[in-house]
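Next come two complexes built around subunit A: one with subunit B, the other with subunit C.
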Partner chain A sequence: MTGPSSSEALTKPASSGLGWLLDQRVLLSIAVLALLPWLLPSKALAVNVLIYGVVVMGYNLLFGYTGLLSFGQAAFFGAGAYFTGIAIGRYGMPWFAAVPVAVLLSTCLAAAIGVVSTRTRGIYFSMVTLALAQLVYYVALQAASFTGGENGLRGFTVDRISLFGLQVNFLDPVNKYYVLMAFAALAMWFQSRILNSPFGAVIEAIRENEQRARACGYDVERSKLVVFMLSGAISSLGGCMLALHLSIVPLDILHYQTSGMIVMMVLLGGASSFFGPFVGAASFLILEDVISLWTPHWQIIVGAIFVLFVLFLPKGIWGTLLDALGIGKARR
Partner chain B sequence: MDLSLIIMQLLSGIALGAVLVITALGLTIVFGMLGVVNFAHGALFMIGAYAGLYLASLTGSFWWGLLLAPILIGAFGMLIEFVLIRRLYGRSIDDPLLLTFGLSYILVEGVRIVFGSDGIPFPTPPQLIGVLDLGIGFFPRYRLFVIVLVAVVLLALWLTLEKTRVGLIVRAGARDPTIMQVLGVDIGRVWLAIFGLGVGLAALGGVLAGPMRSVNPEMGSLVLAEAFVVTVIGGLGSIVGAVVAGLMVGVSISMVALFAPEMATIVMFALMAVVLLIRPQGLFGVRGRTA
Partner chain C sequence: MSGELLRAEGIGKRFGGFVALEGITVSFAAGQLTSIIGPNGAGKSTFFNILSGALTPTSGKLHFRGRELNGLPQHRFVHQGISRSYQITNIFPDLSVHENVRVAAQALIVSYDIWRNRARLVELNGRADAALDAVGLLARRNELAKFLSHGQQRALEIAIALVAEPELLLLDEPTAGMGPEETKDMVALLERLADKRTVLLVEHKMKMVLGLSKRVVVLHHGRLLADGAPDEIRSNPEVRRVYLGQSEGYG
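And then the complex of A and B:
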């Protein structure tokens, strides 16, 4: 996934009028997401777009912006969900404590996997992340007393969200959507801050030319490890959202098919664009919804569409659209 | 613990490893030549098993299935290279990987449509049913056959690569494709053949594994992870590495299964992590391209 040259990435557009508005990518994204439940056919679909959007956005930090094609992101998505469920169900933590704890533990897992996998380059990295994520899958399968094994994690329910004396009925789909949207907004703000920081420029430099970044004096290995952890942290927040939403954690969430689905979503939407992950998650889930109405074999069509995207539309829906509109690199 | 039991389990591990070697070899040869990692390798392994089963029931003989399935699926692999992967040479190294991943989706679902989602038992050929007395214990005939066949295939492959003119072209092509083109070799045809060979080996692995595990559409995803682990341990692109690592992984799995069955699925990943920490390029890998 080669984007425009890095020099273009560093030039900021002049901020005035429409330009200023386009610079507020977090606010614009939140505005679109706020309308989503009323645009999509069902609230459940909107919640899923939100959750997978956050997961894929975290993954985009790794794949889209740093150029590291990991096939193991499901490990962190699943870890976030499992840790949230275990913290609430087993240790009786309230949700506002369980979520940070889960993100923290998942980030530690990302650090462990990152230490091993970021030592490798190129195709090796993809293979190693896939294998290590499968290791996490088998550990969760074997540690059935903690994770529920094959049946998934059950026995925790969040029906009420209370914060600052405010009570929200979490079972109502609209309430649920907007509570989860607050998590997504937080994740977006965090991601945007990372991308705007000097570190954001460093990871893009690594994507464009690793040797040159190294020659410029950046610690490439450490930057890769840090971005691996940050990416895992954001994706694990998506996992926390899933656990709160479903009140169960299916074991499949850790399987490599989930990692593959995350890769597909980011590519469909558009890697290395800020809102692309949400577009990708939405198009994948809508596609799945629509096709499974008339055939249970929706995967064959999704697979074919994905192959066509790799061949002819490698920048994805959103990336191609931004290109067509002539919106520059810095505003993505 | 009984010594003979340990030796029997060791042999079991070698049989398991032999299938891994064949499968990982296909992956590693394709990478060594084309610089492409085939993510559909597991799916093609699974298709090979189904093709073997189908051909065996069609002809009434396991042996026709064993012979024809790798050839047919290998030809199918050449078609994939010709129609799809060829377009991606010169683009990002991630693109063939992503494309073959999408392809694996199509292949798995295609098999579900044709053969259904449930597992199908793969009958052991009648000549190889039962066990053989090795003096210290009884060992399944079929597993012994797998070990011998894989050894023969490896020997044939090694002789072809080292002693023939075709092998010379292949080895030179892996080192410098541009020079080969200057010398008048149609490198596109070599790549086509190598991709076909790699896929054929995956299919052979699938047919051989059939009678040892049951055949189902999902069997490829575990195999893909296993083949990755083996190639990462051995060193991507190294044939010797694939053989050593494949046997190593097979033996470790069956040995651990003897003492701590619940750890059997996990041990190979742990092995990989240790190798990566000590030697990121793998046991027989060359530093530079991958680590």
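And then the complex of A and C:
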């Protein structure tokens, strides 16, 4: 870390062309998401794509860009949802206070889990994150007076969203979608800034070659902790969105199956691409939606498709598409 | 030749019961090229890893510009002015050639800034390009590093180490796995580098080492066997016995 004085000396106004170009991925993504409710069979499905898209996008920062395979991302998704629900239901906070509080608390949880897990590497990292996330699950299960235990968290409902005197009926599915899309847009803008930042270069260097990054002078352990927290923060925002959307928080979202689903979604869509997580979330949820119509054993088919993807399209749907179109790294 | 830059005092390293290094005391003056040689298992790499902070010595002290380095984590070594390359090519394969070097230059200035656009750190771009130019890779700056030839990847590795503007540059077998043509280019590069800064080299190719270095340090079984000018080393009977006699490359 260097003070602003020495680094400021290196800053010059952006070459407008490149900065503008890189901003486009956020605008383009928002444009696609804005059309989503009219492209998908139901508004509910579109909302789920938004929510899981944000969760998976946060996870992509950790897995796709830093190369850390965590099996515990559900902890932050769930934490965001529970903290939002508790803040609204128990402490009577308005939504615009509950969401930042929930994200902040979830980031603290990510710091705690990150401090322990980022000291390990490879499979040990995956296992430690899995175990600690399960710990969070059992805490939520046992602390029933706070969390509702097995029944999930109930007793909070957000039916209107008001800001700056503007009132929106949040029960209307279209309104709900576009309000939640504003959250997703915020998350995308934040993620894009991280990826374009000097720190974004550091995490990519760590993914490419941890030993070399250390020899270059980066504190790899601390950088991993920072990215773990950022990733948890973004995924927890998805949790906040889920709580606002459902008005309940099912205990299941903390379960390791949710973590597994997040990993599948990022691989389906394409790790280390900006919009891949939304493509992955959409494909997974559409597959689930369609296949579960004609068989209750939809997981067998989704699982088989997933295996085919890992074998033949390791860059996922979006990553493969970008490759085919010859779109370079900088614009992803 | 402006005095002592790095001093190792009684450096020892054990791995369990195995003694890899014992009682290495040696000092390196600023502004010259010194080579460390020795047969396989002599402890060269261990010594190099200690000098670059990758390993912590079990005994002894390391002084760099009068400052003790013991206990400093590896990532701080670059900030002190010691930079290294690796024996096995160690680059960022899926980043562009330019980004490989740019991110290395960035390490000295900023790590945790998540807000500004890195493209605005324009001075780093210039420094990265200058380092690429120094190793003859500027023309390939936009390609992914993994698509470079072996020799070019070795050169890139040196550019990564070089962009930190180190006072001491540690190079671990920069010509490993290279053909004669590539080796020739690398030797020319090393000669240019040695003009301007202090270089410490681990190398197997004897002829090259003796031609290039001002001074040669010989390790054997984890101990310092000889230390002197190439001519002295060449005629040292002990060195001939343990090392040079085996080497076909000695000419």
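The definition used in the following text is that the second predicted complex is superposed on the first by the 309 of 332 C-alpha atoms of A that agree within 3 Å, B and C clash if a C-alpha of one lies under 4 Å from a C-alpha of the other, contacts with A are read in each partner's own complex, and residues count from 1 in each chain.
To be clear about the criterion, a residue touches a chain if its C-beta (ideal position, glycine included) is under 8 Å from a C-beta of that chain, and two chains touch if they have at least 3 such contacts.
Since we're looking at a predicted model, the values are computed, not measured.
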Ask   = If you stack the two complexes on chain A, which partner ends up touching A:167: first (subunit B), second (subunit C), both, or neither?
value = neither
Message = Touch test for A:130: subunit B only (first), subunit C only (second), both, or neither?
response = first
Inquiry  = Once chain A of both complexes is superposed, is A:120 in touch with subunit B (first), subunit C (second), both, or neither?
reply    = first
Query = For A:263, is the partner it touches subunit B (first), subunit C (second), both, or none of the two (neither)?
reply = first
Message = Touch test for A:145: subunit B only (first), subunit C only (second), both, or neither?
response = neither
Ask   = Between subunit B (first) and subunit C (second), which does A:303 come into contact with in this model arrangement: first, second, both, or neither?
value = first
Key: Contact residues common to both interfaces of subunit A (with subunit B and with subunit C)   = 1-2
Remark   = Per the touch rule, the subunit A residues reaching subunit C in their complex are 1-2, 6-7, 9-15, 18-19, 22, 193-194, 196-202, 204-205, 208-209, 211-220, 222-223, 226, 230, 329
Contact footprint of subunit B on subunit A as seen in their complex = 1-2, 69, 71, 116-117, 119-124, 126-128, 130-132, 134-135, 138-139, 141-142, 255-257, 260, 263-264, 267, 297, 299-300, 302-304, 306-307, 310-311, 314
Query = For subunit C, which residues count as touching subunit A in their complex?
reply = 52, 54, 73-79, 83-84, 86, 90-96, 99, 102-104, 106-124, 160, 164
Request  = Report the residues of subunit B in contact with subunit A in the complex, numbered from low to high.
outcome  = 31, 37, 84, 87-88, 91-95, 97-99, 101-106, 108-110, 112-113, 221, 224-225, 228-229, 231-232, 236, 262-263, 265-266, 269-270, 272-273, 276-277, 280, 289-291
